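In the two complexes below, chain A is the common chain; its partner is chain B in one and chain C in the other.
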Partner chain A sequence: MKKTNNMVVPWLLLLPATVLLAAFTHIPAVMTFINSFYRTPRGNRPARFVGMDHYSSMLSDPVFMAALKNNAIYALGTVPAAIALSMLMAIIVNSAIRGRALMRMSFFLPTVLPMIAVANIWLFFYTPGYGLIDQFLGLFGFHERNWLGDPDTVLGSLMMLAIWKEAGFFMIFYLAALQQISPTLSEAAALEGTSRWYFFRRVTFPLLMPTTLFVMINAIINSFRLIDHVIVMTRGGPDNASTLLLYYVYNVAFRFWDTAYASALTVVLLAVLALLAFVQFGVLDRKVHYK
Partner chain B sequence: MSGIEIASLNKSWATFNAVQDVSFTVEAGTLTVLLGPSGCGKSTTLRLIAGLEGATSGAIRIGGRDVTNEPPARRDLAMVFQSYALFPHLSVAENIVFGLKVRKVPAAERARRLQRAVDILGLSHLLDRKPSQLSGGQQQRVALGRAIVAEAPVCLMDEPLSNLDAQLRHEMRKEIRSIQKSLGMTMVYVTHDQIEAMSLADQVILMRNGRIEQKATPSELYLRPATSFAARFIGTPPMNLVELADGADGAVVKGTNGPALVEGRGAGLLLGVRPEEIRIASTGIVPAIVQSIDYHGADSILECLVGDQLLQVRVEGVRRHAVGDPVGLEWKPEAMHVFDRETTRRVERKVLVTADGAGEVPALRAVK
Partner chain C sequence: MSAMTLSHHAREASFWRVLETGACYLLGFLWILPLFYAVWMAVHPPAYEVRFELLAPLTLQNFVDAWNAAPFARYFLNTFALITTILVCQFVICTLAAYAFARYEFPGKTVVFMLVLIQLMIMPEVLMVENYRTISRLGLVDTVLAMGLPYMASAFGIFLLRQTFLTVPKELDDAARVEGAGPLAVLLKVYVPLARPVYVAYGLVSVSYHWNNLLWPLVITNSVTTRPLTVGLQVFASPDQGVQWSVISAATLMTSAPLLIGFLLFQRQFVQSFMRAGIK
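Presenting the complex of A and B:
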């Protein structure tokens, strides 16, 4: 075989993947970035370069600011809670208890369900009056509430759902990590009379740190990425009290058809995520013990 | 001082009896080795002493105190695990003092004990390393360090050297023994390696299938094995066990007409002779044919056919025999051990000499 043939074959092999990646990932990403500096073309009016206009108008866009604030609250509320809950669930189902398989399954179940289905289930939970939560609280004499219709409770209600759905998924990672920890470590600690809490704090938790870092980055990305339940349950309302960034991007792009402004919003969203990931890796990586 | 007494200890899981009726005593300041093949219950016995498993029945006393139902932390003992059980995210120093911190030993005392342990073990230049940055032997030392700083009178060791290479194992064995002696520890040491057991122990407890096969000093175990299992387990190559049959003047090796080796009937008995006790000599009156030769350098192991039984014979130095050579074997009367084939127990029988003593009556003489 000639030398040129040797060069062509590997490129041909790479071609299908390259085409798909370029068409659906790289070109759209670059186009988004470029579009964010142009005005949305309409009818016979072509796109015009507007520089940083979109970015500066964001600062005076009350819906964007609300979405940013909501998303910050949403991330700060759901990520630590989901991590703590998943760690707790993993420790429970990692211990030798009766009905362990059943518990593992039930903890993991929310992950298997599609977000749309989950949202519909929770829509019933939150129904004022005869929903599960109101019926339960009614037993203790609480009044019925419109959980999703009240700007004070709507974001919290969505966060509950997100924690419930995410924790089961992260539990799998923690369970895998826990099973990597040699049982002789806890035996060695038991010989010294180590309390369970001390052992968790000094041994289990530090050994889970690589997993925690991984889970945390995924959880934060998910908190900006998953909006199916917003669409199903609240459509961002009432009064944008449950509008998250990506949902706002979706609205601007596909309901208001202002694709250029949506591109600018997307660039901001990506920048926020990239920044958060860098901070996490930079700050936490040095404190994490890897095997 | 803290000795250990184990009385009729049993441990069973649903259908499996791991430890059955095990009783023994470890004198304070001595080293007892639990020896046996894998699955014989030696590690379970150790874990019962440590309190990592609960006994099904029986009693464990440490320093005269009944600890059968005490949690591990209240048994006043330290333990070294086969896998070392080092905390991978903690430095050597933190690993060693982990237990002291848990027990809230004051910082000054902690530092003193740490210093003493690392001096004994030669770890002082490694204190800031993580376990993954240490060699196997160094990790082993850290695990030992943890046992030393506990200053517990009793130390349990679960196959501590099995993850080390042969050279290191030999060094660590000597080191463990000298630490045990100089600190006056009462030590129970689990191993499947008979050489480790013989060289370390004050007392060897040989186990099989959850039961004690024999408890004895190393030399007694070698010289007077209580069962055919004990006889085969100790020694390299292991003791020859040949079947005996009834002969005219006494028991003979199965498949031969003589000479008689043991007085009385031979059927159902096994004769044990160690390869190193057998000599090939012109005066030997047990006829044999060399079947194979395995040359080891300092010595060779010859396999010799006597009747229809194979005997391994250790001979020194260069090879002087060829396969197929007829030879005469002899051994001292006290080298002979007789066992019952059914019960495997040792049987005391009068044995006969196997050498054609020069100048004496050329007949078999009864001994004792």
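Presenting the complex of A and C:
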């Protein structure tokens, strides 16, 4: 009696969570994979098995290729910049500088606001001629630019916004890590007359390494997950120069209603995330004690 | 070493120190600038969008215009209903699951836990194609429940609470059981009160996440009566609508105001919550 009770209770406790997780994460993931081998049913034309057709057409789909390339550039550009800035911010806020609390607020505020709200504000910054950026650059004799309308600058413009929005969030993790570092280390270094840059390079930076890995993985995930600013500011344009992978999935699924092709695109996205999961569980496992 | 070179060194060092401090303040100023600017636009007439005069007339007209231009009262109500539903369900569902993982041994525990953690990587919006299909099969398209359902069993919440429950001394658990308390009573009387700061932390993180969430609500809603603020703002401020920037700024600040005010009032708790949630 006691024995069966012990087996039933944990499963009852887990029931709501597992049902919901299965319904909205595991089953959809498997169904996405299966549906990517079928044709989208339309009207009286049923779904039909088409094997790898979607995947081979993906290879010759210029929009998909652009999205993949853009997303890679976007991740490679935003992640290191956000990491470096957030580390710097944490060191500033953790130092003895006056007005620390105000600085911390200034860095962290963009994180609290909705992406759509800040995207609206930045949309105005980038307005050709009239916007703040062109007005400022105009003081130095630069010509006006259509930042979001030019394929050469549009992705960079979105990346600036993403870095501004995210750095303050990652600062918090570095701040937490910095506060774990024993102050005796810096006191000893100061007695030895060690330069601060040397101390950062040889002590602080290595001690922050686990945090950096954690932040890096999360930043990369975000670069594939967060597309609110693309929806608001550019809708992937001009000429798909700012289309990111998830935005393309959204477009194919909910504007062209080609759900099967959208599924195949999602599988690519899932593969990227799975790779990241592998890195996280493989490399970070020792630090973050999952037990 | 003569006194002169010493003071020269000291002066050089303090010069760099001042320069460095200046650079720090510049960074802080640059970071807050976009928000200052949004406030500037929102409280001045449109003529002062890019004219910076100290004595420019102040006005609240932009807020009035924004409020009247779209059903923001309804959007506020929808967002409020959404985050309340999500938060209550997340607390209940994650607490139960975390308790099972922290205090029970059962076959398949590790596998199930790993399966739960998958959601940290694959958020529901990534699977929006299939999730939309599921929601429409359930007949829930364009409801508050549909916006919240995929997020209610949160891997992050389960993980966070499990880590906390693991630190509760087993003796407290045993003592309560000896007195005849059942599993739920023990959970409510021993574990939940001890984890209160973690609930606050998780609550703040969850509320700000869902207040700001756009993509999934955008996909699953299509009417004024369910749209949350983010989707409402997106519909309102689409570039082709021809709305004035100062009004858009006002709407933007208005929709973020509760979070912004909450953040300014509880800044310390906010930052500590995010820190606590991050360290695990």
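Simple rule for what comes next: the second predicted complex is superposed on the first by the 265 of 291 C-alpha atoms of A that agree within 3 Å, B and C clash if a C-alpha of one lies under 4 Å from a C-alpha of the other, contacts with A are read in each partner's own complex, and residues count from 1 in each chain.
Everything below uses one rule, namely that a contact is a pair of C-beta atoms (placed from the backbone, for glycine too) under 8 Å apart; a residue touches a chain by one contact, two chains touch by 3 or more.
Every value quoted in this text rests on a predicted model; they were computed, and no experiment measured them.
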{"item": "Which superposed partner A:M52 touches (first chain B, second chain C, both, neither)", "value": "neither"}
{"item": "Partner chain in contact with A:A84 - chain B first, chain C second, else both or neither", "value": "neither"}
{"item": "Partner chain(s) touched by A:V279 [first = chain B, second = chain C, both, neither]", "value": "neither"}
{"item": "Partner chain in contact with A:A189 - chain B first, chain C second, else both or neither", "value": "first"}
{"item": "Chain B versus chain C as contact partner of A:P206, first or second or both or neither", "value": "first"}
{"item": "Touched partner set for A:M65, first chain B, second chain C, both or neither", "value": "neither"}
{"item": "Partner chain(s) touched by A:Y198 [first = chain B, second = chain C, both, neither]", "value": "first"}
{"item": "Per-residue touch tally on chain A - higher for chain B or for chain C", "value": "C"}
{"item": "Contacts of A:G168 with chain B and chain C, given as first, second, both or neither", "value": "second"}
{"item": "Contact footprint of chain A on chain B as seen in their complex", "value": "50-52, 71-74, 77-79, 81, 83, 85, 87-89, 98-99, 102-103, 130, 132, 146, 150"}
{"item": "Touching residues (chain side chain C, partner chain A) in the complex", "value": "21, 24-25, 27-29, 31-32, 34-35, 37-38, 41, 49-50, 92-94, 96-97, 99-101, 104, 106, 109, 112-113, 115-119, 121-134, 149-150, 152-153, 155, 158, 183, 208, 211-212, 214-215, 218-219, 229-230, 233-234, 237, 239, 245, 248-249, 252-253, 255-256, 259-260, 263-264, 267, 270-271, 274-275, 278-280"}
{"item": "For the chain A and chain C complex, residues of the former touching the latter", "value": "6-7, 9-11, 13-14, 16-21, 23-29, 31-32, 35, 88-89, 92, 97, 99, 101-110, 112-118, 120-125, 130, 132, 135, 164, 168-169, 172-173, 175-176, 214, 221, 224-225, 227-228, 231-232, 246, 249-250, 253-254, 259, 262-263, 266, 269-270, 273-274, 276-277, 280, 288, 290"}
{"item": "Interfacial residue positions of chain A with respect to chain B in the complex", "value": "182, 184-185, 187-195, 198, 202-203, 206-207, 289, 291"}
